[in-house]
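A, B, C and D label the chains in the order they appear, each numbered from 1.
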Amino acid sequence: MAIDSATSLAKLNLIAPVLTASGCAAAGKELDQFFDITKIGGIVTKSIMLEARSGRPTPRMAETPSGMLNSIGLQGPGIDSFIEKDLAWLHERGVTTIVSIAGNNIEEFGRLASKLRDHPAVAAIEINISCPNVANRGLVFACNTESAADVVSVVRRNVSPGMPLLAKLSPDVTDIVEIAQSVKAAGADGVSVINTLLGMVIDQKTLRPVLGGRTGGLSGPAIRPVALRCVFQIHAAMPSFPILGMGGIRNGKDALEFIAAGASAISVGTATFGDPSAPMRIQNELLQDIENHGFESVSDVIGVAHKGDN
Amino acid sequence: MANQVKARLISNKKVGSYHHLIFAGDGIATGVRPGHFAAVAVGDENSPMILRRAFSIHKAAEITSRGSTLELIVAAHGPGTSWLVAQQEGAIIDVVAPLGKPFALPKTPANCLLVAGGYGSAPMVYLAQELIARGCKVDIIFGAGTESKLFDVLEAKRLARYFEITTDDGSVGTEGRVSTAMPAMMAKGETEAIYACGPMPMLQSVADLASKSNIISQCAVEESMACGIGVCMTCVLPVIGDDGITRMVRSCTDGPVFRGDKVRWDEIGTVPADCLGAPKSGGH
Amino acid sequence: MAIDSATSLAKLNLIAPVLTASGCAAAGKELDQFFDITKIGGIVTKSIMLEARSGRPTPRMAETPSGMLNSIGLQGPGIDSFIEKDLAWLHERGVTTIVSIAGNNIEEFGRLASKLRDHPAVAAIEINISCPNVANRGLVFACNTESAADVVSVVRRNVSPGMPLLAKLSPDVTDIVEIAQSVKAAGADGVSVINTLLGMVIDQKTLRPVLGGRTGGLSGPAIRPVALRCVFQIHAAMPSFPILGMGGIRNGKDALEFIAAGASAISVGTATFGDPSAPMRIQNELLQDIENHGFESVSDVIGVAHKGDN
Amino acid sequence: MANQVKARLISNKKVGSYHHLIFAGDGIATGVRPGHFAAVAVGDENSPMILRRAFSIHKAAEITSRGSTLELIVAAHGPGTSWLVAQQEGAIIDVVAPLGKPFALPKTPANCLLVAGGYGSAPMVYLAQELIARGCKVDIIFGAGTESKLFDVLEAKRLARYFEITTDDGSVGTEGRVSTAMPAMMAKGETEAIYACGPMPMLQSVADLASKSNIISQCAVEESMACGIGVCMTCVLPVIGDDGITRMVRSCTDGPVFRGDKVRWDEIGTVPADCLGAPKSGGH
């Protein structure tokens, strides 16, 4: 590639603009057999909680038109096992690792953050305040400016000032810009946009919800226009606030739309299920497209869709 | 180590209720063992079906006159499999294989009983050949709803020491389930190991019968899968580990083959209360 | 059909459960050449405003994966011309007509309602408080419990007590149940769920938003899981409050999911663009499916997906 | 009155850059006039492409040995048209036709100039035949980017009194745009009416030249359409009505053929400030 592929999300410098999306790449190992995971921008690991967690009953997924629903329920081994095994492997492998964390309450977020504090393998922390699958009496941190800010503040207090923090936002809100502003004020260095939309499918035979968790998170190309709108709105309101864009990106052209809308980098999620080499493929396609458009670097493209707007 | 191959569909033949598909492509057969599965992309790059479909590998050959080949037996079920069986010979289709953990083979020659339901027979002849090559005796029971849903009967008959068929409607063989035929077959064949592939209720009854006789069963399960490669956590089921602790385990990477006595069959579709990380009362 | 196809939305009795969706059937006339529009549940007309309105610049649409974006901007002839021409035609044709109204402000909603008061052709009024295309400094009535309730109250005051009122809700809110509760309290007899989701597509050549209106409303099968979740949530919270369900319904099976989730009737929108006889086809398929399931009437199916839930 | 027909694709032939498709089905040709268009469903019932694609009707015949037929000329542009041209003969495809308002024909014999750009020539031979049948003299100019994008040259040549070709790259005919060739042709042919079909900028130049000579032009426009039948309001453009008022008018039902002097070409893609219902300053 002739163009400069580097980009940055605040203090986080990336060799290239494509990352995996949390929950869609586990901790990178499985994908490494399909492409060299050190060659993409980085791996965002599955949101990890304090304790081991079984997740939800199956069925945990349903395919929908150009999309899918999942209700995994944040299954995972807990932060200690994660650090010991997964993070150690990623470190040794030399991967730019963004660790996604999720807590049942504000305090847990603080404890998760302090466990990752100064860990040499952690390039950045993505704070998952938006997972709609966690049955917390319907409350999702990301749906309220205060709770969103509270989570970010506690994480900020528990890591060193140089640690880049991304807050992952939910699209299931009346005003996503307001949430982005609140997490910025609370100390986030950028936002990851978007998490899944809450959805449901009903089984044709039983006429009951398909998913064990009844509702699930909608992802994939179906939601791309919504994701792109969210990125565009946040960039329009806060042009210098870095955005990691995601939601239904399936090829380089899709990725280009997000960068043009204002994302500094993008994550590939569901597309990886259909094509395990998707992150690498999409990065190559994107860089080629950017070159074809006559740009010299990724950063030249960020936000160009706003040009001329006031 | 799985390979992702743009494979050419070189043969698509209807066999009873199923389609027998043969794919050719570099590396497509590398490392395949009986019990492995393949994940196939359905539709074009704009397909509304964004997930792959999983199929047991029927056969694999690294060297043939047409290069490496991989064979699948596909039942048209929903839109994805309907698309797949409608593909013309010559079509280029993205296949990832081999995936999962294959059947564990006995270290010393043993009397093996292979039990399959419906398209669960797809990997069984391949497995039988490997077992026989290791000096095992192989007995086989194939069950199906009706005759057209039996697959590979002739080959199985040829390889098996004892062979039996059951059908729900009695259209061929014994009317009934495979579990009806198993006790007699196990006695006659002095079964030491059981291999099973088929629908979940069948696997459960096979595993139960095996456990009752203190025989190890190897069951290839079928859970809904989004990724097939271990990154999404959709395909889990409760399995008891060597440490006695039940975990929600990925059937795509830790399976699809599990020891029948380790799977908590009754609790599939739930999270057992004693499972690692299960919600505490009042908890998440 | 052996089953009883009748259903009702509060005071509105329908011979069958399938209607058109506002903005996807104009005022019925064009569809009448493809099927007998008196044979479906009814026609919901394009949201009409007080004055004639040009709508937004073109391009007004973009196809997206299993969906589309539109930014029509409520083009229409204004209520007087609508009553004189379209409503008169529908009346003469004997169509069950639900008139959708949209105002720039609360007062306009009141005036629209009073113009329709006691009009013999009006079977019900659908109050479009959720159109995201109306550039009203970003404010959408449906995104706030108070403004949503204010609109419904003013319409209620300006029609006779017997006039069925449906409030059409936007999915672009943090808590759609809260909005449903507020419009119920304000006098709505039911809700139409859902309107489009706000989305965007960026042009590959210009790297600028495709739509003349930049953002547009996302509709079609892509959004079905979100729509179904909204219907399910509202029915769970307010089981006796009638719901007109819509969002991505393309065939009888899709429609059945909505009825099972709690809709008393459904609207077919975008599917009509791909198949002009879709409303009639879907109604036939739905009634057949209901019969195949062994139910004796449409009303037996409403909300069955909740059975056993507490 | 449009018909919705499950039509059979009975012929699919590549012609230069285009594909010539022939559909057969009951009622598919009923009521078709030159300038009408058809809306074709692309993909199967689960297609991610949920909207129809619009094409000018090239020919229609109510009675042929294969029943009623309808012919289209399709350029593979994006995924929908690519799907369509890849369909095999025998495929069943849902077609709605005829749609829109056709070209208005002169009431008395007149000297007509037909101007087309690219696949805009698709309806022109059909139109020429109708005009000639009414005693008109027909002159024709076809323009295209390059030779392969010309369609129906032989037929057009055969029917036309005067015929000319322009190409942007000069690969055949005169190098340049149709508008370059028009003035001379209009003089030679003593043109009294102009018919045009092609890209918007071409139509604008044709309409301008016609207006300058006080000749009525009939232009078939091409706007992005979601429904094609008049129910969605996506396909509008600013057109001056008989009352002198500009309205945003549906090109699918009020067009696609408009009088060139009535379309506000410069303002396509905008809402002119004097348009009926245009946003007032500070307004919606």
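The criterion applied here is as follows: contacts are C-beta pairs under 8 Å (C-beta built on N, C-alpha and C of every residue); 3 or more make two chains touch, one makes a residue touch a chain.
Keep in mind that this is a model prediction, so the values were computed, not measured.
Taking the definition of touch as given, a chain qualifies here only if it contacts chain B and chain D alike; those chains are A, C.
Inter-chain spacing, taken between the CA centroids of chain A and chain B, is 34 Å.
Chain C has its Cα centroid 33 Å from the Cα centroid of chain A.
Inter-chain spacing, taken between the CA centroids of chain B and chain C, is 47 Å. Touching of two or more other chains is recorded for residues 65-67, 220-221 of chain C. Of all residues in chain B, those that touch two or more other chains are 46, 48-49. Taken as a contact graph, with one node per protein chain and an edge wherever two chains touch, the assembly is complete, since every chain touches every other chain. Remark: chain B residues 46-49, 79 touch chain D in the complex.
By the touch criterion given at the top, residues 64-67, 69, 143-144, 172-175, 197-202, 204, 207-209, 214-216, 218, 220-226, 228-229, 232, 248, 253, 256-257, 260-261, 293, 301, 304-305, 307 of chain A touch chain C in their complex.
Here chain A touches chain B in the complex through residues 23-26, 30-31, 33-34, 46, 51-61, 63, 65-68, 70, 72-73, 75-76, 78, 104, 134-136, 212, 220-221, 250-251, 270-277, going by the rule given at the top. Of all residues in chain A, those touching chain D in their complex are 65-66, 221. Those residues of chain D lying in contact with chain C across their complex are 1-2, 4, 41, 45, 48-52, 94, 96, 223-224, 226-237, 247-248, 253, 268-271, 275-279, 283-284.
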